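Next come two complexes built around chain A: one with chain B, the other with chain C.
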Partner chain A sequence: MLALQILIDGFAISALYGVGAVGFTLIFGVSGVLNLSHGAIMVVAAVTAWATAASLGFGRFGGAAAGVLAGLLLSFATYLLVVRPIQSSRAIPREEKEIFVLTGTLLWGIMIQEAVAYFFTNTPKTVLPLAPGVVDIVGVRTPINEIVTFVISWAAIALLWLLVNRTRGGKALLAASMNPRGLTLLGFEMANIHLTVWAIYGVLAGVAGVLLGAFLGVSSDNIGTLTASAFSIVVLGGLGSIWGSLLAAYVVGYLETLTAYLVAPSVRTVPVLLLLVLVVYLRPQGLLGRR
Partner chain B sequence: MLRSRNAWLAMAALLALYLLPIWVSGYVLGLLTVAYYYAVAAMAWDLLFGFAGEVNFGPSFLVGLGAYTAALLNHYQGTPIWLCLIAGAAMAVAGGVVLAVPALRLRGPYFGLVTLVAVLLLQNMIVLFAGFTGGEIGMDIPDVLSIDDHTNYWYALGFMTISGALLFGLSRSTAGLILQASGQDATEAAALGFNVAKHKMAAFCISALFSGLAGAMLVFYLGTASVGTVVDIAVGVQFIIAAVLGGRRTIIGAAIGSIFLIVAGEVLRPLGELSTFAVSAIALLVILFFPGGFLGALRPRGG
Partner chain C sequence: MSAAYCRRTLLPLASAAIVFALAAVPAQAADPIRIGVIAEAASVAGAAIPNAANLAAAEINAAGGVNGRSIEIVAYDNKSSAADSVRAFQRAVQQDHVSAVIASYISEVVLALEPWAGRLKTPMITPGAASDLITHRVHDDYDHLKYVFHGYLASTQISDAVCDAARDLLLPLKVKTVVVMSEDAAWTIPLDDEYLKCLPKIGVTVIDHIRLSPDTTDFTPVFNKIEDEKPDVIVTGISHIGVQPTVQWAEQHVPIPMFGVSSQATTSTFWKDTNGAANGVVFNMFSAPDVAVTPKTIPFAEAYQKKYGVTPSYAGYTAYDDVYILAEAFKKADGTDPDKVVAAMEQTDWVGTIGRIQYLGRDSPFTHGMKIGAGFISGLMVEWKDGKQVTVWPKDVAVGAMTFPSFIRLAQ
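Up next is the complex of A and B:
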């Protein structure tokens, strides 16, 4: 019984972690940016969904759409206001761009966190689930929302796969992650590719944020933890590897769920951290990373 | 010529800080006392980042180790303060060695993540063994450095001056140059016959020593050790922002950045909850438009 419960809960939370981390890894793969305002974008999407659904009367679907849109817009803002100015700045030496992007996005994330806390307070908010109610899966009472979370997460990942592997623009993205200079020589505009990646990232982060808000609830205080968890999943899976991130999302999701059920909820992140240290020492390129 | 002018400026600024207690209230002195301890941690971080080229996301791991070692010894054993300080610094150096081992093998984001995880693990341990460490609430310490504002201010300022002088001297020495070369191009530095691993290891130990001492001194000033003041990632982030804001690779800039952050937080306090927002926004603008930080803006271009 407990085993089944862990299986079902872990499946949904892992899928959710997967969507959050895939966008993060995509950005790194294509433009080499580790976006430390990731958690902030997720939380803004969730809070927007929560606020518009309740007080503006958008309803559950309208609210969710507004949340994803907010994720998209904030992702563009992050790229245009913070990341691109640093990347194109002549005053910053090339070998130091990385630390500047990290510090810049970190500060941007803190600004967003403070702004959310100021306008909406830092109390936890739960987004209206897209489908309320509970079903019985072989004796385990499962909220329908958990199934919805799982389905939407995997649908988003499948769409991303189709986009990257089956469309011309998507193939260009894939090529950009392998050899940006070659792509430029073929006449592709890197600036457009970067904008596309940030757009895809924004939608994925928005979806992840809204689902998380409906599943566990979010608060502006979670922003740091959310970023750290996406960062851990992505490194565990191998920076830039989408399949690695998905695999790692499941490892992390199940490890956390197992610990929470079998040991204590308060220590749920500890085994993940230990595993991470172990992997980074023994296999620095991550589970599926190439180097 | 310019160097001597800067030296005079630094002297004048220090003199002003030493004379400050004549004019300002105990409250302001208290703020600056904390700022000076933070400054030492930020300068120690700059030695690792600016010179050794290692991005340590977990400066609060080293600070926290020093702080909690000192606090636990004093709380349970009643160990005298000076011994606690030494033990805290020693523990932080041990932590520095633990961080240095992966740093010599891993690059960029991977090393950054290890340091981040180190902080999270330390924080989790403190919360898990709450019965022993006081957990989230923190642990009170029977001894304090002093109960007098002025004495505490002198201790902190003296500590910052000495640490700053030592770190600055080190960064301008031959060893500092070798370290800088190793940070920028480890292969070439090794090809020139320098022992890169040895120098980086030394940088980690020195950085850890000062971070740990700063943490231990800070808890004996505050009279309490808590996750929120010495371990939390937000604390570490503050050291990083201070160092980048003041001007990386300058050591002194990190101290200026720390003092600026704490003073700015205080000046902007009327904004209420938006004060952190404003401080972060200012820091972001400085990074975007003056990447050299405060000291970089003073320096002539191309220098």
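Up next is the complex of A and C:
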């Protein structure tokens, strides 16, 4: 019974981690940006879904859509207001740009965190679940919302796969992550590719935020942890590797769930951090990293 | 008149006039008495503290102030940090020259400020922190720490209030076993100790005692563990956490009611923050918007709601009372001399929004804590029902009966 419980809970949370991390790794792969405002974008999406669903009467689906839209818009804002100005600045030496982007997105995330706390307090908010109620899966009482979380997460990942492997624009994205210079030589406009990848990222982060808000609830205080968790997953899986991130999401999700059930909920993230140290030490390129 | 003439002659004249006008103001009116309010602006429980204090100050000033002087609230956001609070306290006393401080709902913060109140000889009262240590320290080191007053109940007293309510509300439902679930924090250490003592006294067996990290976001494993132990009720001690466990409890249809202390549930935004998952949560309060604990309770809750759009958190009621108590003390002390103010505070006999307030003396281990019991302050149990906080205990003031959502298994 306990095993089944862990299996079900771990499955949902891992899928959720997967969606969050895939966008994060995609941005890194294509444009070399480590976006440290990742958690902030997720939380804004969730808080928007909460606020519009309840106060503005958008309902559960309208609210969720508004949340994803907020993720998309904030992702564009992050790119256009923070990342691009740094990348195109002549004042910042080329070799320092990465560190400027890191600092810039980190500060941007903190600004968003303070803004959310100011307008909505740091009390956690919960998004209305897309499907309320519970079902019995072989004796384990499972909220339907947990199943919805899992299905939507994988649908989003599957759509991303189709996009990347079956469409021209998607293939260009994949190529950009491998060899940006070659792509430019073939006549692709890198600026457009960057905009596309931030759009995809925004939608994924928005979906992850809304689902997380409905599954566990989010507060502005969680922003740092969410960024750190996406970061650990991506490093564990191999920076820039989408499949590595998915695999790592499941490793992290299950390791956390096992710890929470078998040891104590208060130490749930500890084994993951230990594993991260171990991986960085023994296999710095991550589980599926190519380098 | 040329522009140059304007600049050369009129501007300096005008500036001089303004300077004189400004200088003249303090000479006319007596200096206001300043009260510093150090609280957690970003949390619902803490945000009510400066709001309620401002409301009380406005009322006192409208009624003529204190011996002709007005009360001015100077608010500081401590971002829930003890270090920020200490800096705010020093600034409040040394730069902003406040005569007293109302501080925080977090015990860790108040315990960090306590020695500073002593060092800077500044009367301080907390409207919301609960740790027993706050008053025990005053008892043990009265000469240094006599400036500290406890404007909220000590954790031990809160547990006793919950146990009293449990005897009347839970025993008739044939509750025999409970699990105590509380967050890991300074205020819950004495709370849990007392729960583990007073629950068996009313005939209830505590089958497990779970302390949660305040960073927990996924409570599923906790609820699963509790459910496996098959208690009749979960007795709570939570304040820093609240929305997330409540929502997950409702969403997962955990069939065991939650009963006890849940500070986030005391504010009206809790319903919205949980999307209504709060339905059926029963929690302790010492005043509620629907019960005339004293003739001042409902008018205050209404005035607060009118001004800020939400009902006050528990710390709002006490912060409001604290400003009045300080104002009375300034009046009696005929000024702001800290030792005289402390002596006047010790003589407090004030009917506030939460009951009749008197402070315990040096002989009590809870020195400068509030007297509790009939005629002074006694607890209420309030339940979230369809978007409203409904008082369900004690019987003589109850507005409704305790009922649980349909997923709760307990016989009703």
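Note that the second predicted complex is superposed on the first by the 291 of 291 C-alpha atoms of A that agree within 3 Å, B and C clash if a C-alpha of one lies under 4 Å from a C-alpha of the other, contacts with A are read in each partner's own complex, and residues count from 1 in each chain.
Everything that follows uses one rule, which is that a contact is a pair of C-beta atoms (placed from the backbone, for glycine too) under 8 Å apart; a residue touches a chain by one contact, two chains touch by 3 or more.
Here the structure is a predicted model, which means the values were calculated and not measured.
Participant: Following the superposition defined at the top, how do chain B and chain C come out on chain A, clash or fit?
Facilitator: fit
Participant: Identify the partner contact of A:L185: answer first if only chain B is touched, second if only chain C is, both if each is, neither if none is.
Facilitator: Neither partner.
Participant: Would you check which partner chain A:S266 touches, where first means chain B only, second means chain C only, and both and neither mean what they say?
Facilitator: both
Participant: Tell me the contact category for A:F100 with respect to chain B and chain C: first, second, both or neither.
Facilitator: In the superposed model, A:F100 contacts chain B only, not chain C.
Participant: Is A:V138 touching anything from chain B or chain C once the two structures are fitted on A? First, second, both or neither.
Facilitator: A:V138 contacts neither chain B nor chain C.
Participant: Thinking of the overlay built on chain A, is A:L282 touched by chain B (first), by chain C (second), by both, or by neither?
Facilitator: neither
Participant: So, A:A117: does it touch chain B (first), chain C (second), both, or neither?
Facilitator: So A:A117 meets both chain B and chain C here.
Participant: Which partner chains sit in contact with A:S232 here, chain B, chain C, both or neither? Use first/second/both/neither.
Facilitator: A:S232 sits against chain B, while chain C stays out of touch.
Participant: On the combined arrangement from the superposition, state the nearest Cα-Cα distance between chain B and chain C in Å.
Facilitator: 5
Participant: Please write out, lowest number first, the residues of chain A touched by both chain B and chain C across the two complexes.
Facilitator: Chain A residues touching both partners: 117-118, 266.
Participant: Show which residues of chain B lie in contact with chain A when the two form their complex.
Facilitator: Touch list, chain B to chain A: 49, 55, 102, 105-106, 108-110, 112-114, 116-117, 120-121, 124, 127-128, 184, 233-234, 237, 240-241, 244, 273-274, 276-277, 280-281, 283-284, 287-288, 290-292.
Participant: Quick check: in the complex, which residue numbers of chain A touch chain C?
Facilitator: Chain A residues touching chain C: 5, 9, 13, 50, 53-55, 117-118, 121-129, 132, 134, 141, 143, 145, 216-217, 219-220, 222, 225, 257, 260-261, 265-266, 268.
Participant: Please give the residue numbers of chain C that touch chain A in the complex, ascending.
Facilitator: Contact set of chain C toward chain A: 42-44, 47, 80, 184, 212-213, 215-222, 224, 242-244, 247-248, 251-253, 264, 269, 272-275, 277.
Participant: Looking at the complex, which residues from chain A come into contact with chain B?
Facilitator: Touching chain B from chain A are residues 34, 82, 85-86, 89, 91-92, 95, 98-100, 102-104, 106-108, 110-111, 114-115, 117-118, 224, 228, 231-232, 235, 239, 266-267, 269-270, 273-274, 276-277, 280-281, 284.
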